[in-house]
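Please find the structures below.
Look at the two complexes coming up: subunit A is in both, with subunit B in one and subunit C in the other.
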Partner chain A sequence: MISLADADFLALIVMVLATAPCIYRVLYGPTLPDRIAAEDAMGNALVVIFGLYAYRESSIFLMDVAMLLAIISFVGTVVVAKYLDKGEVL
Partner chain B sequence: MVNVFEILSIACLVIGVIFLSLGMIGLLRLPDVYNRLHATTKIGTLGAFGVLLSIMIQEIGNSGLLPPSPMGIKALTVGLFILLTSPISGHMIARAAYKMGVDLCEDSILDEYKGERKD
Partner chain C sequence: MTTVITKTVAKICLMVDMLYSIDLLLIGGNRPGGGFIGGVLCACGIGLIYVAYGYEDIKKIWNPDWHSWFGYGLLFASITALSPLLAGHNYFRSAFDIRPIELMGYEVGELELVSSMFFDLGVYFVVVGGLLFIVTKVGTDKVKDPEGGQ
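Up next, the complex of A and B:
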């Protein structure tokens, strides 16, 4: 019988393994938007990793790290997309 | 003794992990940047939000609904933020890619934006 903490730990392992395709796509992506999309997906996966780890360690401050990482990932993606679109950020 | 919070949190966790894994496989296997964006925006909406909702349900099951625990509220906040912002960033990447002139893959049969690409 698998307990809930074991399920969280298995999910954490799957998340960590799931960042490998993102790293491959960032390194070898054919075009620049491929790399940005992979970076965005890896940011989401890292937010989930931090959330699960914060819950396992029952530390509220690691959940703050997850929130900050989500905000910075979104802002960075939007800035790079606008730079590719117009050639300038603002 | 079957706990309803346990079943709900396991269901949300399994849905989230499955969608996140499928998104990563799509990022690795699909042929085109637009197809890859189609796969990776599912990570934000269903995958990450499912896992963070599962954390909130587990926290409710541990410590009760009232008073709400700070960990569950923070997990739900992060999940809602990702749920709102992930489609926006995906749309902006696709628009920037099309404006940059990234071509569609050879199997594409329709390009409705063809006349609107600049220069």
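Up next, the complex of A and C:
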């Protein structure tokens, strides 16, 4: 039986390990859509890491970082998706 | 123009962006936040609308001069930074005051008024104007030859 403090530390370790395949796919992805999907997944994993760390440290400040990262990661993914679809951004 | 899913999500995301951008602008100073990151978030929301609906269509409805926003924001921030010299204080000196909020004779809270808020507002307009000026100028630059030749 693990306590709650150990449980969120375990979740933090799992989320950090989850970014490793994303980094591999960003570096060695054969095509550009592979890299973009991996970058989006890594952004979401980072948002979860910030949220878990804010909970673990009992601090509200890192939740601002998590929400900003979520919004900016979404905007970046939409921009690159339109570039891949139409060939131009604006 | 993009699909209807992108347009709908962009509208929802624009509202969240603007609210959170104004929130970050107002809480700056005591907590993480401030004019710069609020401006970045505002530029992100407007840029997302430009991407989702197309720059040419948005330009018919609302087309401000983003470089003027940059210039007026810089002027506003500079005037705010220089104004303590008139009162004999140091450059960039900020003043603050705490006023009680009264509602029907009862004191319900207190409002902290700081003069560095105006400097943050100038930085906000500088960031919004600068980022969106770059986005619109670089985004509408048509490439003559996609192979890279002249």
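We take it that the second predicted complex is superposed on the first by the 90 of 90 C-alpha atoms of A that agree within 3 Å, B and C clash if a C-alpha of one lies under 4 Å from a C-alpha of the other, contacts with A are read in each partner's own complex, and residues count from 1 in each chain.
In the analysis below, a residue touches a chain if its C-beta (ideal position, glycine included) is under 8 Å from a C-beta of that chain, and two chains touch if they have at least 3 such contacts.
Here the structure is a predicted model, which is why all the values come from computation and not from measurement.
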| request: Answer with first, second, both or neither: which of subunit B and subunit C does A:Leu90 touch in the superposed model? | output: second
| First, second, both or neither for A:Val78, with subunit B first and subunit C second | both
| said: Going by the contact rule set out at the top, does A:Val65 touch subunit B (first), subunit C (second), both, or neither? | reply: second
| task | Report the partner of subunit A that touches more of its residues: subunit B or subunit C. | result | B
| query | Given the touch rule stated above, what does A:Val26 touch, subunit B (first), subunit C (second), both, or neither? | reply | neither
| message | Tell me the contact category for A:Ala54 with respect to subunit B and subunit C: first, second, both or neither. | response | first
| message | Going by the contact rule set out at the top, does A:Val16 touch subunit B (first), subunit C (second), both, or neither? | response | neither
| On subunit A, positions contacted by subunit B and by subunit C | 64, 67, 71, 74, 78, 82, 85
| query | Quick one: in the complex, what on subunit A touches subunit C? | reply | 61, 64-65, 67-68, 71-72, 74-75, 78-79, 82, 85-86, 88-90
| field | Interface residues, subunit A side, partner subunit B - complex | value | 4, 7-8, 11, 14-15, 18-22, 24-25, 31-34, 36-38, 40-41, 44-45, 47-48, 51-52, 54-55, 58, 60, 63-64, 66-67, 70-71, 74, 77-78, 81-82, 84-85
| request: Going by the contact rule at the top, pick out the subunit C residues touching subunit A in the complex. | output: 2, 6, 10, 13, 16-17, 20, 24, 31-33, 37, 40-41, 44, 47-48, 50-52, 54-55, 135-136, 139-140
| field | Touching residues on subunit B, where the partner in the complex is subunit A | value | 6, 9-10, 13, 16-17, 20-21, 23-25, 27-28, 33, 36-37, 40, 43-44, 47-48, 51-52, 55, 58-59, 70-71, 74-75, 77-78, 81-82, 85-86, 88-90, 92-97, 99-100, 102
